[in-house]
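Structures incoming, each one as structure tokens.
In the two complexes that follow, subunit A is the common piece, with subunit B as its partner first and subunit C second.
Take a look at the complex of A and B:
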């Protein structure tokens, strides 16, 4: 029988649980306690920061919130120690989620700015704790609090508590890594806008990850409060906790659930080995040097360098079920015939301004079910803005957009994706750390149909077949040429099975023969039942494909109608070529 | 309510401490804003400079200001070679934070090894000198700090704004490949800029040695508030850190005078949070 990673975690946990029964000297248990403690802190940090790329420097705040929760409840209100731990988790999680709810909503605050913001939160919390009754400046002494006798000795008790928390933390980290949540977080890491457009509920996922991360850090803090038995602000909220945690995770590899464990074990071991001897100062210097060398030579961490990609292996489709997608989706064609011509998307009076520029000025746009609508106009006429507004990337200033019988204006982009609208980007925006298959499976998992991973990958393989990328399934997007990246965009938009598909200049930059290919592909997509709006400058393709054309200029609709008819109108010719002065 | 004199004295001391924040922030802000490197080691360099000043003044009997003749060129070379290392490995902004943290730990250990973890206080000819300005006391070391901070900030500003070299630096910071296409030697300019930033750290070190007790662990005490100053002042802006530093310095010392010293960090970090959130909206 094959043992899963969760099984291995349990086995390792049980094996380690026997250690105290060999009655080792207490300092072994204490050393291992510290290893577990750092594993929990680093791994919990990694759940938000490593997976989603929101590097937090505020882990000390959440750890400290847990520490002071336990200190206050057990020291002042005489709660039993073990009961303070869930409270510590809750307080830390609520605190983190509240901060996340503000920070994540305000804007895209990432990278060093997010790191600084969370660090500032730490210092604010520290000041408040120091100056209020929670600490009062003297620190909290927990010497009188009874420690439950879980193990034969106090050090064994701490050992068991930390071990249990480590097992829970690793299960959680691994579970999230494998689950939709993890996939969504990794997509956020690579490109948050794209993730949202593909259907990932980014705000909710970040908040959940933040909450889980803080809860685990809170429990670790609660246990550690009892372990140190004397809690002070200076020790708790120092910059050392967040920096060490980041260092451990980066050293081990932030893109793997086991990375922080590797890093925490190495660093704790090294620090112990050096500081235990007479070379404490040299030890610190050595840790600093290791950090420098590791970041310079292994920017992706130990696991990033030595372990391959280890997500659930995906099976290639069976030989007998590689029927092209087109063959499988003929069913909706019947209903399509009946409902042809009904209005699918109805945008009325849509306006959007960027500072002084009126990108869209009271635009009315109707898209009928089953048609191919060409949206054309000179550069800067508002075509891409229109796509961004409909797909929910920009909020519109005024007007309303109805899709089917639902109002989609003002909806979050991932809910619009769920409703059945998909788009491509003019400049392909693949998720750089996911391979081609994972890129295409993502919208199948998160889009309209919300398939499980296995089904989503099967669906993705169909669309890779359809777009001619089947041979590249395992390649990373960086290894593709422009033509292939454009088709990856297309496959990704199609994999959610949209009823309305926006194509933003999919043909630009392609060679004439590639364009012929692409035109055939777009026709095939429509024949499967999707309605298509395509923005394009390649006029040959527009004339060949479009059933109807809408022309934008300076954010206004200046013409609408059949292709041959519209493109000959004087105002359209003027918009493209300028006024004839001859 | 404290007396007027007390309030005025705390505003004055706020300006002085703020000038030091600004001086420490200046080099940090320039490398962060223009080279996209978050240099934690800036603080370690400042303290290394402070200890060197201490050593030369105490051990060799130099005038504290004369130590700049040694510290500034050495630190220039140190800063430039650090940048050479970062450029050689094409390091990302976030990883620069981690690498420079590693360097900080190394420097801290070095300081501890040479000068031990004991607190050191430099006695210099300047230490005891104080002027009286009306009812207010003006200590000479703090005044020196203010003068140096203002002079260096203005020099950096004017250099970036009015010299060809400064213009080229700004162009390279905006868009390195385009600047390179117009003949800007981006590599040597960034070496120059990092060297200058490190030299600024050396000067800040002199100011720290003049007014503060030195201990290796003090390196970390400055990071939070100076980061706040740099962010509020605007990355890459040579005047911003000084202005933001003085604003924070004054609000801190007023908080100390009106409530208790322990509340002081609340002001700077709340300000930082507000600035970050306000800025995020614009992005």
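Take a look at the complex of A and C:
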């Protein structure tokens, strides 16, 4: 019988739960309590910051919110200690989610700005706590609060509480890691805009991750308040807490659910290995040196080095599946033919300006089901902007866009993806830390069909076969050449089984033979019934593939019709070649 | 009996300290465990306690040790973290199995250690607990004798000194850090000042760690107080005085709660600054031969350790007193049993270099032995009460 990771966590938890019954010296229980405590803090931090890349320096604030919730409820209002712990989780989670609801909507608050903002939140909360009755300046003493006798001794009680929270935390971290939420968070980590366009509900996922992260930190804080028994602002909201959890997570590996556990265990062990009073400063220096050396030689953390990078268990393609996914259409052939020619996308009066530059000016664009529409025009004419507006990457300034019978203008990008619109990027934007298979499986999970992980990977393998990338399934995007990266974009767009596919200059930079290959591939896609909007400068491909052409210039539609007719019109020639000056 | 015990303990310690009765200790060592904040933000002060402990243990072993056995001090670094202090005390008791423990440095760490001591019924003698009301364990004993209500008694001593000066203040400005043990005293001083009829013209708080004292200095200047009570810890007093200097303001009379004594005394603007103290290295404190010997030894070792200020004052004296209390209890009871030691301490008084300590009031606190000292020509001198004033010294007013 194969034991899952969650099973191993439970087995380890049960095994560790027997420790107090062997009656070891209490120091070992307390030492292990601190190991568990740091595991919970580091792992909870990692759920948001490691998985999604939103590096937080505010974990001390959420930990502190839990600490002061317990301190206030038990110290001032005589709540039973255990009842304060759910409250600590709730307060910390609500606090974090409220901050996230504001911060996560502001796109520029990423990276170092998010880190600084969360650090500032810590200082603000510390100031509020210090200057109100919550603390008032003299700290909160919990010496008189009764500790429930969960274990045979007080040390064992703290041990059991921390162990239980650690098991819950690891189950949670592992569950999120394996679930759609984890996949979405890792996509956000690599490229949030792309993740959203591929169908990941980024705002919701970040809020959920933040809430869970804060709740776990809050409970840890609540338990720790009783452990130290005297809670002060200076100790609670110290920069030491976030710095330590960051260090632990980075040391263990932020891209693995178990990484912070490894880091927390190593660092806590090192701290206790060097507490001798005779060589205190040398001991601390030795700890620092060890950490520097480890991080220097293992920049991706211990588990990044030894556990490999594959985040998900994958299965080989089903041997019985002989028909590639590309041969399967998204709708029955007869229905498709009956609906051929109806308007699938209807954009009316679409305008978009950037700081005074009118990128799109009252553009009307209709795309008919089953056609390949060539969207052409000189550089800067608004082609890519049109794709960005339709796919939800940019909000339009005015106009409306209907897709099928749904209004999609103003809709979040991930909902547009769910509706069945997919796109490629002119400059490939693969998710850098996911391998090729994971890149392609992602839209299958989050796109229109919302497949489970196993089915999504099977679907992805089919599309990799179709685009000739099957042999690169385990490679990272950085290992691909330009041609392969372009086809990775294509495979990723196709894996969501879109009704409408925008191809943004997929042929640029390719050699003539690669272009021939790509043309054949695109034609094969169309033959399965997909509708394609084809933005391209390679006119040979446009003329070969497009059923109709729309020409944009300075953000306006200047011509539309059959390829041969449109490309000969004087205004189109002028747009491309300029006016003749005799 | 009490008196006899006290005298025997005091004379014995003095005689031993002076090297009059020497017998090499033998047998298994008496192991005494403690932690100090040897690294981290509190390490600058904790090093004082390390030096004092080493001096005392060396001296004990030169004499007859404890109960004729050599003394071994198991010292661990709690890195200025209460949770580490707690865990290390558990290690000292349950793994290292030390015979006795003494307290760490700083209130949060002492409270963390106190919880462990309570669980294992161990006596905990400590030296720097700033908030007596938090010390609820009946086998803890404070060697820094500030009394059970220092937030009242210390300001009263201060205001007594001011009232007896040539220019008693009528108005007061209280500005304070929100560092717990300091804030506790400042809030108390505010109440006492009100009861004594001093008019409060300003009350201001800042968060510990504040670096910008300009606005605070301006507010004090505008309030024109006769006396400024500064709830400062560490270098905050220096920073405030430097900010005052920039706006050409000199406070008429000013007091600092827990300043870094060396740096404040050396600051020219601190001339006349007042502070609390239990010990200064001048007569009458140094009339005690044990104190004189300790001052000499400490001055040398502190200089060798590169400390910025080599003088013995509150921290070093409280630390030395801790060891004196422990030695007196063990010597008098001829026991290492914690309950026996605790019972003896509750019944008896111990002479230390800061004065006579007793532990029979609330939370085992005794008398408030805090005195008032003043910076005079770059040196701290005790000015109040008169019986503890340095020879010829009196409180200087502007």
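Please note the rule applied: the second predicted complex is superposed on the first by the 571 of 582 C-alpha atoms of A that agree within 3 Å, B and C clash if a C-alpha of one lies under 4 Å from a C-alpha of the other, contacts with A are read in each partner's own complex, and residues count from 1 in each chain.
The criterion applied here is as follows: a residue touches a chain if its C-beta (ideal position, glycine included) is under 8 Å from a C-beta of that chain, and two chains touch if they have at least 3 such contacts.
All values reported here derive from a predicted model rather than from experimental measurement.
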item: First (subunit B), second (subunit C), both or neither touched by A:130; value: both
item: First (subunit B), second (subunit C), both or neither touched by A:350; value: neither
item: Contacts of A:155 with subunit B and subunit C, given as first, second, both or neither; value: second
item: First, second, both or neither for A:229, with subunit B first and subunit C second; value: second
item: Partner chain in contact with A:500 - subunit B first, subunit C second, else both or neither; value: neither
item: First, second, both or neither for A:250, with subunit B first and subunit C second; value: first
item: Partner chain(s) touched by A:281 [first = subunit B, second = subunit C, both, neither]; value: both
item: Contacts on subunit A seen with subunit B and repeated with subunit C across the two complexes; value: 126-127, 130-131, 137, 240, 281, 284
item: Of all residues in subunit A, those that touch subunit B in their complex; value: 55, 102-103, 106-109, 111-113, 115-117, 119-121, 123-124, 126-128, 130-131, 137, 238-240, 243, 246-247, 250, 281-282, 284-285, 287-292, 295-297, 299
item: Of all residues in subunit B, those that touch subunit A in their complex; value: 38, 85, 89, 91-95, 97-99, 101-106, 108-110, 112-113, 220, 223-224, 227-228, 231, 260, 262-266, 269-270, 272-273, 276-277, 279-283
item: Partner subunit C, residues of subunit A touching it in the complex; value: 25-28, 30-31, 33-34, 37, 126-127, 130-131, 137-139, 141, 143-144, 153-155, 224, 227-230, 232-235, 240, 271-272, 274-278, 280-281, 283-284
item: Footprint of subunit A on subunit C - complex, ascending; value: 35-36, 38-39, 50, 74-79, 81-84, 86-88, 90-91, 93-95, 107-108, 111-112, 114-115, 119, 131, 134, 136, 178-180, 183-184, 187, 205, 207-209
